[in-house]
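Labels A, B and C are assigned to the chains in the order they are written; within every chain, residues are numbered from 1.
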Amino acid sequence: MSSREQLSDFLASVERRAFKQAAYAVRDDHAALDIVQDSMIKLAEKYGDKAAAEFPMLFQRILQNTIRDHYRRLKVRTLWTTLFSSLAPRHEEQEQDPLDTLQDKTNPSQPLQPDASLEQAQLLAALEEALIALPTRQREAFLLRYWEDLNTAETASVMGCSEGSVKQHCSRATHALAERLKRKGISLQNEE
Amino acid sequence: MKNKHLTNDSIRKLLDHATVHLDTTTASHLRSARNRALAYQAPRPAWLDRHGILVLATRSRHGIPFWALSILLAAGLLLGTATYWQHATEHDHSDIDIAILTDDLPVDAYID
Amino acid sequence: MRQNYSTLLLLAVLGFQSAPSAAQPWNDIPPAQREALAPLAQEWNRLSEKQQRNFLDIAKRYPKLTPLQQQRMHDRLVKWSKLTPAQRQRAREKYKSFNQLPPEKREAVRKNLRERHTETTKNAQ
């Protein structure tokens, strides 16, 4: 069983990455924060009594599921919005069609860090843009493997798919990233 | 941009850098979220820390001989009852403490 | 089968446990309880786990007190926390026995103690 301090330490260690993961996925900082908050609560409530060693994987699974829930809710909302917007006359003040936001690939969710060197900032911006542009499953697999450091089996468990699928998603992700970055003069070397 | 090179390792470093330098508002929102979440964690008996083996006994899928479990169980029952009574009597104090702290007589009246 | 039985019993034993866990840093206490225990902010991290638990239990009742009671509690919290456990225990026993006195005697003692206390503070000035 884990103490409050152990859970607190774990959450503190993972919260920023979790936020970025969610932000890359949903492209909305506000929603990303909500997603992280929900995920933390679910972990504490349902699995707060587990051993601390189990937290990383449990949390990743919860996080990815919560992100997926967000998409589903967004799609339902979008469906109703587009149904009604096709009936009602269009006004200036009317909310932008959510479908447009989903397809927007030009703006990274995070502004350039002011204190980073310019080169590093440009690299980061390019990388984030490329990550955001990835299809969901590819980005999930890539970040879980290479940022959260889960092995193939663990990633498969979190994503709810086979290890073979994980490898496929990862290699496609790497390929897609490499393509995008190449257009900006950045080469990507896959060390696997 | 001149030709730049990224590896999986440098990608991770870049992403980590981004999280370290997350803006302060977001960072503080995350901290609040963390604290709010902690309130949802179920309370845990403190003595279990010192008797992790008891946890192992219940969770282990390997066969633990019955005699070993019985001893652990007896120990657990003893400790459980002791802790129960300790906490049960502890609870009484808050009634009296509140009375002393809010009575019209000062605390001094009850101190020797 | 036997293992399941003993596991069940063990879980039943664990079910008795309802005490909260380890020492809590001040900032992790819920705001409502922090307000109740505000005078203890500086001392808090120096208090033992048990004392913290006791104070948190007290804090839960704070909202139901009248403003006057709340004020008195705030005035007395620090002093109470600085007593030794033995002193606190004796204080509780005194309070208990005091309340077992018949009402007239209680009122007489109250009057007496109040006068003595006022005198002490007057003399101390």
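By definition in this document, a contact is a pair of C-beta atoms (placed from the backbone, for glycine too) under 8 Å apart; a residue touches a chain by one contact, two chains touch by 3 or more.
Computed from a predicted structure; not experimentally measured.
Novice: State the chain with the largest centre-to-centre distance from chain A, centres being mean CA positions.
Specialist: Max centre-to-centre separation from chain A belongs to C.
Novice: Most central chain by CA mean?
Specialist: If one averages C-alpha positions chain by chain, the most central is B.
Novice: Could you work out how far the Cα centre of chain A sits from that of chain C, in whole Å?
Specialist: Taking the average C-alpha coordinate of chain A and of chain C, the gap between them is 47 Å.
Novice: Could you grab the centroid distance between chain A and chain B? Build each centroid from C-alpha atoms only and quote it in angstrom.
Specialist: Measuring from centre to centre gives 29 Å for this pair.
Novice: Hey, how far is the Cα centre of chain B from the one of chain C, in Å?
Specialist: 22
Novice: Using the touch definition from the top, which residues of chain B touch two or more other chains?
Specialist: 38-39, 44, 48
Novice: Out of chain A, which residues touch more than one other chain, so two or more?
Specialist: Counting only residues that touch two or more other chains, chain A contributes 3-4, 8.
Novice: Could you tell me which residues belong to chain C and also touch two or more other chains?
Specialist: 21-22, 28
Novice: Looking at the complex, which residues from chain B come into contact with chain A?
Specialist: Checking each residue of chain B against chain A gives 1-9, 11-12, 14-15, 17-22, 26-27, 29-31, 33-34, 36-42, 44, 48-49, 55.
Novice: Any idea which chain C residues touch chain B in the complex?
Specialist: These residues of chain C touch chain B: 2-3, 6-7, 9-11, 13-14, 16-22, 27-28, 30, 49-50, 53-54, 57-58, 61, 65, 69-70, 72-73, 76-77, 79-80, 83, 87, 90-92, 94-96, 98, 110, 113-114, 117, 120.
Novice: Spell out the residues on chain B that touch chain C in their complex, using ranges where they run on.
Specialist: Answer in residue numbers: 35, 38-39, 43-48, 54, 57-58, 63-64, 66, 69-70, 72-73, 76-77, 80-81, 83-84, 87, 90-91, 93-94, 96-112.
Novice: Using the touch rule from the top, collect the residues of chain A that touch chain B in their complex.
Specialist: 1-4, 7-8, 11-12, 15-17, 19-20, 29, 33, 36-37, 40-41, 43-45, 48-49, 110, 113, 115-116, 119-120, 122-124, 126-128, 146-147, 181, 184-192
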